[in-house]
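First chain A sits with chain B, and in the next complex the same chain sits with chain C.
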Partner chain A sequence: MTATRTERTAPVAVSTGTRNGRAAVVALAGFEARRLLLRLPVLLALAGHVTWIVWRTLRPADDFPVLQDADRATQSGPLFVGLAVMLCANQAALRSLRRDTERHFAVTSLTLWRRTAAHVLSVVPLALLTAVAVTAQFTWEAAKPGAVGRGSVAELLAGPLTVLLFGTAGVLLARLNSSAVAGPLLVVAFLLLFVGSASQSGGQDTGPVWLWPVVVTSGVHPFPSDLLGRPAGWHALYLAGLALTVALLAVLVSGGRTRTVQAALAGALALAALGGVMQTGGIPAATDTARSRASLAPEQDQTCVRRGASHYCAFPEWTPRVEDWARIADRVQGLAGGAAHDRPLLVRQRLEARYGLSDDAALDPATRPDQVTVGTSWGGDRVPEFSTAVAGVLVAGNERRAGELCDGRMVPLMWLSLAWQRDPESALRHVRLDDSVTGSALVLSGTEPLTMTAGQTKVVRALLHRPLADVGARVKAHWDELTAPGVTTARAAELLGVRVSVGGDRCTG
Partner chain B sequence: MYRLRRPWTAPSTAAAALVRPVWRGLPWRVWGVAQGAGTLAAGLIRVCGGGPLPALVLLRAAVLAGALGLAFLLDDPARHTTATVPVRRVVRTALRVALVAPVVAVWWTAVLLLVPGSVRPPVWDITLEAGTASVLALAAATVAVRRTDEPEPGRSVATALLAGAVLAPLLLPARWALFVAPGDPGWAAAHERWAWVLAGAAALWAVSLREPRRRRTVRAPLRSAFRSVFRSPCGTSGLSRTC
Partner chain C sequence: MTVTVSASGLTLRYGATRALDDVSLRLTPGVTGLLGPNGAGKTTLLRVLATAVPADSGAFTVLGRDPGTARGRQEVRRALGYLPQTPGFHPDFTPFEFVDYVAILKELTDRAGRHREVRRVLAEVGLGEVRGKRIRKLSGGMRQRVALAAALVGDPGFLVLDEPTVGLDPEQRLRFRELIAEAGEGRTVLLSTHQTEDVAMLCHRVLVMADGRIRFDGTPAELAARAAGRVWSSTARDAGAKAGWRTGTGAFRNVGDPPEGADLLEPTLEDGYLLALDDEHAEVTA
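And then the complex of A and B:
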């Protein structure tokens, strides 16, 4: 039998001074970071994160991002990177046990706690890489021409800090339990926590829910950044304190019981406790007052600008959107006849902020004549919905009356709303609740929905298939009769030269 | 080298002789941790209460924990030496499975009994999920043993299983959904799919059980680098059996 022989040069003798120890820790941390970065789960998670960012940011619905929402939208992607890093950091910290090379370290200057420190430090480059990805995602959003608002650095920090926290938790677990299955089990436990937090925090964005690593309250309507009421800064401090605590605890349990480590651990714990307590305090009273004011008397906070004859009032962060609103209002008004053609409108941005970020309460229609409501989100279906709101006010006089329309006035209203658009029929499909183009349906608007009967749908579709100029001339010529209360759909169809059987209206039976 | 004729009873005798060492070599500690975690998850249902959905989620976590433990079943630090025993790999693997099956069955029964009857999902359906996860873990471990020389592939298998468990609920389209909620109209259809996955995993396992006819070819530069450091762990005298 041939003996197995391995030839290795003897390790160079090193002195064990503190400076050398520190240099060795940094060198090992660099080596471990490289290995961590090249592990398949981490590479896959990073690739998945990048794919998710690209997919998310390229969606057409995301063409008009509100940056105070876009910043916290960066938080859920890094969770998966964090899980992969947790698993791989755990396995890396156990490698010397698994490969039975633990005793080789006895000849180096690296004691167990120094190696643990190196493993903890090896997570930092991954957190930095996540920070780069998060910054790229946010910068991409901010660079879009339709972006408004302002982001917060504290919200952007949550993702990278989560990766740091999860990675250090993996190292700590390796020092507490050397079983190979403990790491995967910790991942399962964290997954359970995510599922638990997702089901617990549904509709709730204050209090203990902030003790979870990531709190993404997906608001339906973006809020002005002053009204968010998210303790993002305290939460970032909490996460940083927690990550530091876990890291120092890992060093401590592996034998690094020096005074410095103990003092740093106490400091980190204090940071985490401070952040943890401060973030669960709930919404400050000032924010609550500001939310009520913005909901009930938005004119106090808004700036108004004049475009043509109309005024546009928006929360200061949304003023760049005025051009978009004015363009659409002009197109709709250009199609209208009679006095409505030149009537000055007041387009006011409104928001229901009193019930929190996750609330989806509908706005009450405005009762003031010629006032049109526009929400805080824009792009996608919000554009034809605004167009419908403008047309409703032009036809019925105010928003409340437009919501109550049940007669033939729906025909000019819907035609005004859709005719100027590039693909009116698909716009019609999008503004209807059931995405249909036949039969009766609810039509979405910024405030109260409107109702189209099957006959009105038929007439509007017939009008949309005919030349714009021809129908436009007829609408202008018969404007007063078309918008008179009580006009039947049959009469409106007759005036506009459409011959289809329309049936009765909802009010006339 | 000459092949000796062996009596036909030799394999079974050898297998019987293997029972005790294999029993001692099984990764009990890993299972202890995994099954302990699974039991803890099931215990949480009893302690914390909650509706059928949290109970199902926790039970699925217990299933995953158990399957992660099973991913380490074929770990054998002495693989390169035990490869020379005169028993085929099918028998050795089957022996491990046969030894562990009663333990797993008892654990699973205990987990099910821990869940209060009012929130317990249909027993056979959730057992089907558990069985599928276990067979998937076994199949993945068997494939890893067949395709690599790694004596302890459990770590990689567990990672792959975990990745699958994380990604499947996120990426599977609705018509192939596996992880449905209790009371969902698609529950029965989803469990039909679970049965198909089980069948596929079992087939994969059965196919991978046999030893490869030829030694796995390693890329030339890698092989030369490998040889310079290690001698072949399976001997160099042209044994027909590989390890």
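And then the complex of A and C:
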């Protein structure tokens, strides 16, 4: 065998400038960050996060976001990004051991603890990228015409800080245990813990539950910002302190026992402890008092505005929504006859805040004449639900009596509620608890549900298929009889010109 | 000639074993070969000189820097290029990425300058064309050249190569020899090897180690000369020979103390090496 030898001149070494340890740590962090960004689990998690944001934000039910809830909704997605970053940061920190390059790297001028610092820093761009995604999600929500309320920067920080915490935890784990399976096992353990904690906490939003990175406590009814009682600021401090502590511990166990690292670790621990203690103190007494006041005497906190003959009272953050409510109330009232057509209504926003964010207790129906309850959620099923509440008050006189209706008055009530809508039959489906359009069913309401019999459903559906003006004229013409207590469904059908077999009413058996 | 690496009294024990036993040496620019059997302490000596492990006792300097202090160790590492025995790789890196990574670890922080330097060393070891290919797709010889490029990046003044030609086919070994010769121009290279031909071809000096001690320190010619008058030919293996083997001609080549009237042969470096290993006491001529 012969070797081919070529005449070559050895190239002259390129000047590489002054060598600087700190700059090398930053350069290595940049190198590792680029690789981290290109790892498949991270790419998949980021793509999943973005997809989830787009899907969630485009849902019709999300057209009217409450921003003090929308900020919290940014926290779940980053959990999965964090777990992917944890896994990949762990593998990156173990790379030189697993690939047997540590023998070489150990004699370079960048010592292990500096390389560990670079791995820790490499997580920062991922946390920043998450922050961009979270900001985009929140900004998108805030830019929607139906958005109300205000978000919290501290709540928005939870997602990116979780990614930072998980990433640094992956690096620390690599320095404590060089096994290649430790990282994946930790990820699985975290997943199980998240699932376990979600099922066990039952939406609890006080106490030790705040030691978890993300405490979403999704409630059915959004609270005014002042009533949230979430220690979001302390929690952000806790997460930041914890992430720093984990990062500095990783540097420390890698040999970086400098005074600066030790002092910074003490500081980070103090921050984490301070945030950890302050966030678990429970709901402040003042917030509890405010929650009770908002539940029992909301008028003390509300702003009322007049639209036409009616008054609309809302918690201050919801006043932009008055126009939506007024538009619907006007449409319903425009179809009513008799005195109901011009009756001044009091539309009041109500909320049960005494039992915490995750409580979904129904509100008691109002007994005051002409008062209509509207909740703090809007959009989707809440629109026909409100329309039904308005119609109920117009037909029965107040909410309690509307909830007790069992006779033919349900027919004009439901027709008023649905007839003005763009797709009345679809609205009927949405406002019924079982999404049915035949048979008997419970009808959703902001307070107590109403009940439609199978016969009433038949009559209402038949009316919805007829011209609005024609039915409207009959409703107005026979308003007094149609809304008189005891009117039967059969009689209501007859008055409205519908010939169907309706059976007996609930009241009459 | 300028002494670039100087060590005295280096001793290192692993339990009851003396891996290094009072080793002293002085290296000068050019390629110095380090020969010795397995377990002689070659790799341990290289690892001590590369600051990978500290010696139990003794001291050394590299390019005037004392690695006994943290600052000195840092300075030594900045001047060091190291190719460990059977080096590891990051298979999903490209040669460019791997050498760039090592360049960062050597604190080359100016991105543009570093990338020029990485391209330079990759071109120097003949990997310019495959610098964007994944290392996992490269042959063993190419991977070894990646490791050499990683050792060369940053233009180190002291290059430590631990058996770089192990596992290479003859053509690759020749190519590597050429690269090491080039690397030795203007810098100090300490080359650990089992291949006496490599030493004969490349080295201006040779150290022979056995049992943790330096048994010989001199030029390759001097090592070969140690066997002058101690290599002879015979028709059968001579019972008094320390080593003997049948050659292609059918005659036996014996190394040791020849009988009177023996048919003496021209000694080679390998003959000198065999005798140096067998000598009771170290002979340091340099």
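Keep in mind that, in the parts below, the second predicted complex is superposed on the first by the 487 of 509 C-alpha atoms of A that agree within 3 Å, B and C clash if a C-alpha of one lies under 4 Å from a C-alpha of the other, contacts with A are read in each partner's own complex, and residues count from 1 in each chain.
Everything that follows uses one rule, which is that a residue touches a chain if its C-beta (ideal position, glycine included) is under 8 Å from a C-beta of that chain, and two chains touch if they have at least 3 such contacts.
Everything numeric in this text was worked out from a predicted model, so none of it was measured.
Chemist: Contact-wise, after the overlay, does A:426 reach chain B, chain C, both or neither (first, second, both, neither)?
Modeler: Once the two structures are laid over each other on A, A:426 reaches no partner at all.
Chemist: After superposition on the shared chain, which partner residues are touched by A:28: those of chain B (first), chain C (second), both, or neither?
Modeler: Only chain C; A:28 stays clear of chain B.
Chemist: Counting touched residues of chain A, say whether chain B or chain C comes out ahead.
Modeler: C
Chemist: Please work out whether A:289 is in contact with chain B alone, chain C alone, both, or neither, and reply first, second, both or neither.
Modeler: Neither: A:289 stays clear of chain B and chain C.
Chemist: One more residue to check, A:436. First (chain B), second (chain C), both or neither?
Modeler: The answer is neither, since A:436 touches no partner chain.
Chemist: Of the two partner chains, chain B (first) and chain C (second), which one does A:110 touch, if any: first, second, both, or neither?
Modeler: second
Chemist: One more residue to check, A:182. First (chain B), second (chain C), both or neither?
Modeler: first
Chemist: Classify the contacts of A:51 with the two partner chains as first (chain B alone), second (chain C alone), both, or neither.
Modeler: Neither partner.
Chemist: Between chain B and chain C, whom does A:20 touch in the aligned arrangement: first, second, both, or neither?
Modeler: Only chain C is touched by A:20; chain B is not.
Chemist: Kindly list the residues of chain A that each of chain B and chain C touches, one partner per complex.
Modeler: 2, 4
Chemist: Considering the complex alone, what residue numbers of chain A touch chain B?
Modeler: 2, 4, 6, 40-41, 44, 80, 83, 87, 91, 98, 177, 179-182, 184-185, 187-189, 191-192, 195-196, 199
Chemist: Which part of chain A faces chain C closely enough to touch in the complex?
Modeler: Residues of chain A touching chain C: 1-5, 8, 10-17, 19-21, 23-24, 26-28, 31, 95-96, 99-110, 115.
Chemist: Help me check something: in the complex, which residues belonging to chain C touch chain A?
Modeler: For this pair, the touching residues of chain C are 50-52, 74, 77-78, 80, 82-84, 86-91, 100-111, 113-114, 116-117, 120, 123-124, 147, 150, 154-155, 169-171, 174-175, 178, 182, 185.
Chemist: Give every residue of chain B touching chain A within the complex, in rising order.
Modeler: 29-30, 33-34, 37, 41, 53-54, 57-58, 61, 64-65, 68-69, 71-72, 152, 154-155, 158-159, 161-163, 165-166, 229-231
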